[in-house]
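Here the chain labels run A, B, C and D in written order, and each chain numbers its own residues starting at 1.
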């Protein structure tokens, strides 16, 4: 039997797990709480700050990497959770929405970052 | 005469042990993290759409519904981080000679420490 | 019992412990065309080798010598060991141990990467290889996992062998065995047979031995006409946990643990075992002295302390204390972690903070199936190795950490010789052997599945009475009366054994049936033990007679040989001279400066 | 002490006989309560004194032979290490290990496990393994420490009973077998990693594991199979990407 290609997805899953663990809580804090909070002046100042940061191309690239890996991480984990929940028979089929979704989200993210 | 007995597997196996429930909770963080990241993409999109679009978006986000959603996202994301880094010493043992770095210490060095630092730096950057 | 299909191989090994597995590999390796059957009543990794803790002896370090290992073994055996066999054993030991190292055994190591050794009781120099304090476990699993490499080793797991099959020319050609899953009696045939079924500690109530150690192989050989040799020599290990009999390894004393009585006094110094050096003295623990005296002596000292009223009374009987506290937590966790785990779980004692209560416990049967140094029995084609066999290298008292090495050396030896026999004697008559196996199935069915028989006795009743008889009659100290009483009880139990009835008359996994068959083995072995002990009117090693307290080399520098009598009468006991080559019998002294080679002989 | 004065407790035992039963049932026994007793002692007492047909495996009764694993109140346990006093006075329910076919009563089939164990090639692989002439292979204490923990497995199979993947996915080699495969991969004396990975990295053999982690929780010998499996996956991933850096056939 041939070694499975799962190693590839697992590696991305792991890297994505690290990325999501390191960054996502901070992202939630920023976009969910810090930016919307406060009066207009504060919000404007923080928005400018945020826009400046995200607009800088090294940050864009890094952000794209974090997002791409995190999406694969989620896709992989969702796929395996669904398998553990009884969809084991469809393990191959599940790759399409799970990894395909991660790929689509990554392309979307690239387009959005490009526009900033 | 019926030979070996095979016990049936219930679909609700994940309720059978507390550890399984914890496992499922951990795995389900990925649904919330994925959901949040889509919202994050929307946020980036609005940012790309100009100041007015972004301000409007922020206005919407500060509403109670979105606020609640972000609280849930924060809890899920933090739980992902906590469980992920707790497992790192198992998956990546560090040996100093014949001694293995104790798991709690390894988790702090390789996980919780960097995580809290990254979070603090990002928050500081926005707040400063 | 349904009659099963016949299975044919080249060599049949009964028993899947250390010796059986080593023999399997020896054959599989040297005769790749041979098919080796390993028949075992449990899965190999459940075999009792798994519980051995402290280590296995072999000369490996430059400060040690083969000569010293030989001398320690022979003097430890109180000169009842055959010296040619001991020499062979000691010479082969290093190679066998290195081989096992190559097969993956995780030996504890020195900083330079060489294997580490520790001292054991009765040794002039430290030579015990160890894998922390789970040496037997690691050895067994390394051997078992290595057998998985060989496609020509066919395992018959959970097959309970009940009878040896002997062809018309008197050669052993296989066994009848119950496949536990189905209850089918199978004929497993081969050109030679090796018995590696381990010891029989379960003859006694208080033992380190697991439930499987019921002497089945000894009994099978005994009933096939092979003598059981030196069966009166039963080793009590001085440090078992009260209640359960779980072993606290001798390595705990090798690492510096001390034994104290109820006054906190190191009582061994009162029994010619040397000087009680302070535990902080760099010379502690001294080899061949005090706590590193031989097992028989230490167990006897316990009884004398008990007679003197200086032991500690607990609800599980009298104990003394094994004190490890001065070793410190780090050393205990590194060198003897299993001791800590066992003490905590089964005695509720953490040896880092409290001394462990211990008492002598039946541990090892020095005697066994009579074999020569080629591991061959008197029945052509039948070999034996391991605790079930008596070569003899263990004599009247086995040196701690020789038994694991013995499994390897004589397991391999038996394998090679059985394979040679198989090559030289290839032909046998299948239908005749099949008929014997069929017969055996019918015998078992008649004896145990007769549902018309009601209100017989329970297995446990007889087993308990056997235990009492052996403990009272054939314990650490015996005399003519106690042993005679044991012989009579055993004879009576043999009678009543026919009257035992089972609750379970079904085929699949009938462990009540196997327990009944095991009880039969125990009775056979106990009979040989008690009768051999009555006849040996001297004290030597582990056989201590209160009515004959001295060693008597004139009459008893000889192996006892118990032969089974088919008419139900007591075994016939004969004697075979001990082979003495270079080490004439001497005084067995321990303590400082003891064991100084041949010069000390009386 | 008379039986009536003796404290007792109830043991409910899973009973199934392949010759007569289609479905299992539970049978309750009153056993004497002794605070030193383990569940195995109670089972042995029942077999000796009450019902000789009760069927279970055991041997060493000191937690190292791995025979007596059963479900005790739903938890996979070595019954020789599960003390009655930790349950008394509530009843104890004893069942065979889950995720295994039941042969009879508390006895499960090891066939699948043995095949999986054999599959991972749990032995030293190198050319000179049977040549002892050069003395022992050197291995530093630090090298020993790399795999020692994973060599402690007693094959009691509690980890399979705790693993939902082992229960649902036949291809999955399972915690103990994978940990042992990893144990040999990490052994400095071994040269067989590639052969083993050819088995471990196939299909769901290792990838079925979703790191539930309960194998490690129930392991009586602290082997941490869950950790071993994640490490083995990481090795597998490294090897996967190495192929692109140094493709096969591109030199040694």
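Keep in mind that, in the parts below, a residue touches a chain if its C-beta (ideal position, glycine included) is under 8 Å from a C-beta of that chain, and two chains touch if they have at least 3 such contacts.
Every value quoted in this text rests on a predicted model; they were computed, and no experiment measured them.
The chains other than subunit D, kept where they are, group by touching as follows: A, B | C. Touching subunit A and subunit D together: B. Interface comparison, B-D against C-D: more C-beta pairs in contact at C-D. Remark: subunit B and subunit C have CA centroids separated by 56 Å (rounded to whole angstrom). Taking the mean of the C-alpha atoms as each chain's centre, subunit B and subunit D sit 31 Å apart. If each chain is reduced to the centroid of its CA atoms, subunit C and subunit D end up 27 Å from each other.
Inter-chain spacing, taken between the CA centroids of subunit A and subunit B, is 12 Å. Contact with two or more other chains is made by residues 14, 27 of subunit B. Contacts with at least two other chains are made by residues 18-20, 103, 140-141, 144, 164, 168, 210, 234 of subunit D.
Inter-chain contacts, as defined above, occur between A-B, A-D, B-D, C-D.
Residues 17-20, 36, 47-49, 51-53, 55-67, 81, 103-105, 107, 110, 114, 117-118, 121-124, 128-132, 135-141, 143-144, 147-148, 151-155, 180, 184, 187, 189-190 of subunit D are the ones that touch subunit C when the two sit in their complex. Contact residues of subunit D toward subunit A in the complex are 164-165, 168-169, 197-198, 201-204, 207, 210, 233-234, 236-237, 239-241.
Across the interface of their complex, subunit D is touched by residues 29, 42-43, 45-48, 50-51, 60, 95, 98-99, 101-104, 106-115, 134, 137-138, 141, 145-146, 148-149, 157, 181, 210-212, 243-244, 246-247, 338, 341-342, 345-346, 458-460, 502-504, 506-512, 515 of subunit C.
Taken in their complex, subunit A has these residues touching subunit D: 1-8, 10-11, 14, 80-81, 84, 88, 91.
Here subunit B touches subunit A in the complex through residues 11, 14, 24, 27-28, 30-31, 33-34, 36-41, 43-45, 47-48, 51, 54-55, 58-59, 61-62, 66-67, 69-71, 73-74, 77-78, 80-81, 84-85, 111, 114-115, 118-119, 122-123, 125-128, going by the rule given at the top.
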